[in-house]
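Input: structures, listed below.
What follows is chain A paired twice: with chain B in the first complex and chain C in the second.
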Partner chain A sequence: MSTETKEKLRYERPMIRKMNAGLMNKFGTRTEYQPTSHIDTVPVKRIIEQYGSPCFVISERTIRKTYQSALRAFKTRYPKVQFAWSYKTNYLDAVCKVFHQEGAWAEVVSGFEYEKAIRNGVPGNKILFNGPDKTIAELKQAIENESTIHIDHFDELYDLIEIVETSKKKAKVAIRVNMDVGVYPLWDRFGFNYESYQAWNAITKIMNCEKMELVGLHTHIGTFMLTAGAYGIAASKLCDLAMNIKAKWNKSIQYIDMGGGFASTNTLRGSYLPGNDISPSFDDYAEVITSTILNYGFKQEDLPLLMLESGRALIDDAGYLVGSVLANKRLADGRRATIMDFGVNILFTAFWYEHKISPAQEFTHHSEDMVVYGPLCMNIDKVRESVNLPLLNRGDHVVVHKVGAYNMTQWMQFIAMRPNVVMIDMKGEVHLIRKNETIETLTDLESIPAHLNAFKL
Partner chain B sequence: MRWKEIIDRQWHGILYSYSQIFFARSSWYGLLLMLASFVNPVIGISGLLAVLITNIMADIFTLNPHTIREGAYGFNSAMVGMGLGSLFEMNSVFFLMLFMMSALCLILSIGLHGFLSKYQLPYMGLPFLFSMWLIILAAKFFTHLLPFHVGSYPFLSDYIFKVNQVNLLQVPKMAVIFCRSLGAVFFQSNFLVGAIIAVGLFLYSRISFTLACLGFLTAFSIYRLVGIDTNDLVNLFVGSNFIFFAIAIGGFFIVPNIWSYLMVIAIVPLVTLIHYGSSEMLSVFNLPAFTFSFTITTLFFLYALKWRTNGKRIHAVEWQHSSPEKNLYEFISSNDNRRFYKYYPVSLPFWGEWMLSQGHDGKITHIGDWSKALDFIILDDEMKSYTLPGNKVEDFYCYNKPVLASGDAYVENIVDNIDDNEIADVNTKQNWGNSIILNHGNGLYSQVSHIKKESFKVKVGDYVKRGEPIALCGSSGRSPEPHIHFQLQTVPVLGAKTFDYPIASYIVKENKKFDLKIFEVPKEGQTILNPEINPLLKAAFYFIPGKKLRWNWNGNIENWEVYTDAWNRINIWCPETNSLARVENDGVVFRFNHFEGNRKSFLYHFYLSCYKVFLGYYSELSLDEKYPMLHKTNFIVQWFEDLTVPFVQIVKSKYNMVYAFADDMHYTSKIELKSSSVTRMANLILHKNNYTILLNSNGFYKIEILENNKKTIALCEAQ
Partner chain C sequence: MKILTNIAVSESGYLFNPTNGDSFSSNLVATDIITLMKQNKTSDEIKKALQAKYDVEKSTIERDYDEFIQELGDNYLLSTDGK
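Coming up: the complex of A and B.
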C-alpha cells in the first residue's frame, strides 16, 4: 500500500435505513467485509487499468496449490493415483498446461476438446475420451493415438466393434458405469447401468472382442456432490465389477476412474449454510474412495490405478472476475440495486451459485441488502438476488470469487463481447492468456449475400 | 570323469597351496613358487610330498573338494614339508615323519578352522607353527631322525653353497636382504629363491609387492632405530613376519587404502617387539618363533576390528578374492552390492511423499539409546503440516493416513489403548502411544509409534507383507502433533534401544527432481517416498532361469540363456562368444556384478549399458555407478593404476543412466533409457560408449550402441 496514496474520505449518499434489532454498542453495526484490493499481490486496480473491466483473473499459484493438496490427499492414502484434467471445466490452454505441468492427463468429451488436448502436447495415450458424442472419425483417431475411449452407450460400442475390425491397433477402452449411489438425482443418462446388468453385458461384449482391450472402469456419479459417502458406494460397485472380471477372465483392470463431481467451496443457490462449511474436502472424498478400494480385497500387486477427473474443485478457487459498478438505483420496493459491468453472459455460474463479491477498495462500515444486476438488457441478468454488501459507488471495482470453473467455457457472446482473461504467475507477473473479443471476432465469420449489401434508409 | 575331476582338484590343490603362502590364488604363481622351492631340490621334494599327502588324505576323508582345490589345507603342509626337509636328513624315518606331520597339519587346519571361524577369523599359519614346534621338540627323542648338516647330501653341498652366494647383479644390500628374507619362507635364505618369489609377487599383484616392500622397509628402519642387527632379517622367518604382516593387513584381509598402509607402518614396530619377545620366551625350549609374531598380531588385529563401533577408513574384506587388487576394485565398484548382501530390505512405512521431520541423532527426542529413529510428517507446498486452524488432529495432513509394514514380518506386539493427544500436548506417561512391533526375522524388529487408537488392521501373530497397510497415523503418546515414529531394533521390546539401519531404497524429491537412494539413511528435512516399481522394467530385467534371449547385432546372432548356479547366482550365458555375465535383482534395482569372456561380444555391451538399472520410472532420474576394472586396454596402464589406486584412483570407469522417456507412468508400453560408460585417466577420455536402450511391452526391443562415433544396433529378436 505504501506506493499508493491513501484515498480521501468517501462520500455516501444519505439514506434512511430500517433499524435492526440487536445489542447496542458504541461502534454501531459493522460488516465483516474485507476489501480484496489485491489478487496474488497484484492490485486489482492495475489489472483493470491494463486489461479493462470486466476481466477474468486466474491465479497460477492457487491452481498448483489446489492440485497438489488434492494429489496429496489421495497419494498418501493410496499407492497409485492419476488425475486427468477435465477440459470442459476450463479449457484455456494456459490453464490446461498448468495442470499438465503438474502431471495431470487430459479428460475430454468432444472432438474439439480432443484436438485441443493434442495441440497442447498431451500424448495420445494420456487422453481419456469421454462423453456420448464421438464421431467415427474421432474414434478412429483415438484408436490410432492409443487414447482410452470411455464408451458411453451400446451404439458407440457397436461402432467400435466395427471400426476395430479394420484397424491395425487394438482399441483401449473403458466403460462408463452409472449406478444408484443413494443420491438424487440418479445420473443414469450416461454410460451403462450397474444394477440392471447393462454394464456387465457391455463388459462381456468388450471382453469377447479380440481387438479391444478393457483397461478401465469409469463412473461419474453427479456434480457438486455434497456427500462423500456416495463415492464409497460407487467405488465398491466398480470394485465389484473389477473383481468379477478378474474372476471370469483372469484379467486385472488397469484403472478405476471415479470421475469428478467433487464440490468446490462455493455456496449453492438456496443453500442455508455456506459452501465453506458443508462442502466435503479432498481428504473426505479421498478417505472414502481409497479406504473402500483398499478394503475391497484386491491383492497388493493387483490394486488398480485410481483415476480422478475432478474439474470444478481443482479450478474454482483459482478464478476471479474483476469488474466495476455501472450504476446504483433504488427499485420500486425501496431495495437498493447495483448494476455491474458483468452479468450472466460471462458469469454463467451465477445461475447456480451465490457468488461471493468483495469490493476492491476501502469502504465505509455501512452495508445494505441489495440486488446485483448485470449489464444485459434482459430480466434474467441477476448476479445476486439479494446480498448484503457495503455501499458501492459508480466506478468502484469489485472482485467475484471462485469463478474458475465452467465460466470460461460456458460464457455467452450475448449483447457484449467476452472480456480479457489474465493469469498471474508464480512470480506475480500478469500474462494475458485470452484476448478480449472484438467486433471482428464475430463479423469475420459472417458473410453477406451480395443482394443485401446496399440499402437506403 | 571322476578321475579327471580328482586330478584337476589335486593339481590345482598343489599349485594353489603354494600360492596361498603369499596370499595369492593363482596356478602360474603357485607353479613358479613350487619351482623356486626346488632351487634346493631336497627341500622342494619334501614340500611337494607334504602337500600331496595332505591333499590326498583330505580327498580320502571326503573333505570339502572346493577347500582342497583352493589349497586351504595344503599351504601349511607345504611349509612344514619344506621345514622338515631343511631340518632333517632324508631317510625312512624322515618319510614317516613327513607323513605324520602332513596328517597333523591337516587335522590342525580343520580343528583351528572350526575354532576360529566362529570368530570369523582365518587360521593362517597356525597349523604350521604348532606342527613345527612339536616336531622340533619331539625330534630329540627320535634318534633315527638325523639332523640335516652340510654333509648330508654330498652331491648337493657344492651346488647349495654356490646358490647361496649368487649375487650376480651386484644388487644393493637392502634388496639382497629383502630377497633373502623372502627366500627364508621356503627355508632357503638365498637371493635366487627370494628374487623369483619377489618377481612373481610383483607380476601377481602390484599392491602385494609394494606392501611387502613397505613392511620390510619399515622393519628395516625400526631395526636401525632401536639398534637390532639388520642382517638378522634374513634369518628363518624374521623378515618374512613383516612382509606377511604388511600384505595381510595392508591389502589382503583389509581393503588396501592409505589407512591400511599407515596401519602397516604403525604396527610393524609392534610385530618386531612381539617377535623378539616371543623368540626369547621360546628359546627356553630351543624353539624358533617362526611366523608367530605375524600370525598373532594379524589375528588380534582382525578380531579387534570387529569391535569397532564405526566402520570407516579401515574396511575388512567381506568376500575374499585372494588378490588385493580384486578386493579393492570390487570394493570401489560395488558399494550397493555389499550393502545388498548385508541388510534386510526395509522400506518406508507410508504411501506418498512425507518429510523427515526428525532423523537419526535428532535434537528433540532422538537422543541417546533412541537416537537412530525416524519421524515423518506430511507438508504442503508452504511447508505447513496442517490446514488452518490447526488446533485439532484432523487438521494435520498426516493424521489418519495409512501406516504400512516396512517389510515382510510377523506382528509381534500391539499396544492399542491410548487416546490421541490434544495438539501440542504430550503424554509422557505412555511415551510411545499406540505402537506396533513387527518381527522381520533374524533378530530385526521394527516399531511404529503414535498410531491412532483402534485403527489397527492386523493382530498379533498375523503375517504381513511389505507395503501392506497395517494401521493409521495418529498422535498418541509423546506426540505433540500427528506423526509416524519409525525405528528398527534388535529386540521385540517396546521402546528398545534403536538400531542404526538403512532403508533399502527410497526416492528423495527435491525441487521436483527425483533421486534414488539405496541402503542409506534419509536425512532430516528431506521429502522422501517409496520407489514405485514400473511393471515393464520389472518384467524386462527379470532374468528367470531358463529365459532365452536372441539378439541380432548387425547380423551377429547371440543366443543368451539364463541359469542359476550352485551358489544361487543368476548367470546370463552366451555360447557364441563364450561369455558370461552375472546379475542380481532385488526387485528394486537390477545390477550386474560380474562379467567374464569376450569383450567384443554384445553381451559385454549389454553388461556395460545396463550395469545398474532402477526398476521404477521417474522422468529424468539419473543413476551413477563405478564399474570395476574395465580398462583392460594395456597392462602398463593397468599396473600403473594398481600401484596408485590405494591412494588415488586415476583411471575411472563410470556408468550413468538417465530415464529419458516413458509413454505412461502407470501402464507403460514404451521406455527409453540412455546410458553411457566412460573411462577416463585424469581428464583424458580413454574410452566412451553411449547406449540407448528401448523397451516395449514385450520387453527389450533394441539397443543402440554409439562407440567411437560408430553407431550399431542390436535388435532383440526373441525373448
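Coming up: the complex of A and C.
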C-alpha cells in the first residue's frame, strides 16, 4: 500500500452500466447498503489480521440471544420444555458449552458425538442418543450412563433386548417415529413408521421387555421445514401413541421429542422470496406444537415434557465467515466473476443457500451482477451463482452471514486446509476456538511403504 | 483506442451516446478515464493520473484499465478508426 493513503481517494475499479428503462426487477436489484465492517463490535479487518483469511467467527452473544428467544417462545406456551443441543449441527466444544450453559442437554447421533458430550461434562442422563449407527459397546455405555437411547430400527431393538438380559441397569429408551405429516417426500428412512403400525409393534416389544423403560417418543419430520403446520400433525400422532400406551399399559410417557428441522432465515437456493420473509418464527412452531399437545386431552399430571432438538435455527445466525477477494475476472459471456479465498470446501451450505455476502469496507452506490467463485480448482466451487454486489477490489474483505449450522461439521479438507474458528464473547473479546489445520495435520496420519521412499525424476 | 467524440459525459457519471441513444451510469474512476480520453490523453497519461489521484497499485490500474477499454468497446463507445 502507498504511504500517501490518506491524501488519496479510495479506488474502485472502473465500471459502466447500461441503463435499461422498463426492465426493473420488482424486488429491486441491490441488497447491500451498509458494509459489515464489525462483528459484535470487533472490526473484521482486525480479525483477519490476527487470525487470517478466511476465518469463521462465532458470536456468543447471538447464540445466547437466539437460544433464549426460542426457549421463551415455547416456555410461555407450555409448562415443561427442554432443549437438547444437536451436536451434528456444530460440535465445536466452545459452541456446545454455550448451549449447555444455557441449559440445553446434548443430542448426539454417533459414538464420536457421544464421547464429545461426555468430555464436555454433560451428565449421561442428559444425553439423547439418536441415529441409526450405535455399536453394542456404545449401547452398553449409554445404558450404564443412563442416557436415553432413541431406537432407530428393529435390529437395534433386538440388540438392546439381548444386551439388557445381562445388564444390571434398565435401559432408558425412546423410539423414533416417522410419519406422514403432509410434507413430501416422506422422511421414512429413520425410525419406525406410524401409519403402518410399525411404531406400535416396537412399543409393544419394549413394553414387554422388563429391563427396558419406554420414557419418550421421538420424531424428526424433516429439515428446513417451511410449514409449521406439519409439526401439529406430528405432535398429534405422537400424542395418540402416548394416549394408547397409557390406555393399554397405564404407563405415562415422560417426554415427547419433536426433534428439529426448524428453518433458519437463510434463503434456500431457487427460492423466489428471501428466507426472512418465508421462514416460520420460533413462535409459529411453538404455537402449533404446544397447542396440539395441550389440547390433546392429557391429564395435568400426565402432561409430557416437550423435548426439542433444534440445531440450525439456533446457531445459523451466530456464524459468520470472513474472507477476502482473490481476483476479479470477466467471463466469456461478459459476466463479472469474483474469486474469493473461501469455497464450498469450507462453506458447504453454499450448495443449499443463497448466502448473504456483505463487503467489510465502505463502498459506493455502484454495484454489479456477478458470479462468486471459491478458490478451488473445481468447477463445482461456486459460492453464489448470481448476486448483485458493490464493486470489490482484489484484497477487499467480505462477510458471509448465517453460516453457523453444518459448515463447521460438514466442511471438507479438500485442496486447502480448514481455517481458524474464533468466538467473540459477551465482552467483545476474541478467542481462538479451533486452530487452523496445517500440512502436518494430514501427513501425521499418513505412512509411506519403504519401497516408495526413493525416486528419480 | 479513442472514445467516440460525440459521447456526452456529466460530472455525476451519466454517459449518453447520441448515435444510438444508449445511456450509461459510471462510477468515479470510469468517469475520470472517459473524461481524460475525451481530452485525447494517452493511456499512459491516464494511468498516471489515476495513480496520482487514487490509492491504488500500478498493476491494478494496468489490469483494470485494459478490461475497462474492452468494456467500452463491447458497448460501442469506442471509435473504430482510433488506435
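Note that the second predicted complex is superposed on the first by the 436 of 457 C-alpha atoms of A that agree within 3 Å, B and C clash if a C-alpha of one lies under 4 Å from a C-alpha of the other, contacts with A are read in each partner's own complex, and residues count from 1 in each chain.
Heads up, the rule we're going with is that a residue touches a chain if its C-beta (ideal position, glycine included) is under 8 Å from a C-beta of that chain, and two chains touch if they have at least 3 such contacts.
All of these numbers come straight from a predicted model, not from anything done at the bench.
Once chain A of one complex is fitted onto chain A of the other, the partner contacts of A:P123 are limited to chain B, with no touch recorded for chain C. When the two structures are aligned on the shared chain, A:L391 is found in touch with chain C, with no touch to chain B. Shared-chain residue A:K169: touches no atom of chain B or chain C.
Contacts of A:M15 after superposition on the shared chain: chain C is touched, whereas chain B is not. Common to the chain B-facing and chain C-facing surfaces of chain A is no residue whatsoever. Of all the residues in chain A, the ones that touch chain C in their complex are 1-2, 4-5, 8-19, 330, 334, 364, 366, 391, 393-394. Those residues of chain C that touch chain A in the shared complex are 15, 22-30, 32-33, 53-57, 60, 64-65, 67-68, 70-72, 74-75, 77.
Residues 64-65, 68-69, 72, 75-80, 82, 123, 125-126, 215, 254-255, 287, 294, 300, 305 of chain A are the ones touching chain B in the complex. Listed in rising order, the residues of chain B touching chain A in the complex are 350-354, 378, 380-382, 397-398, 400-402, 465, 467-469, 532, 663-667, 669.
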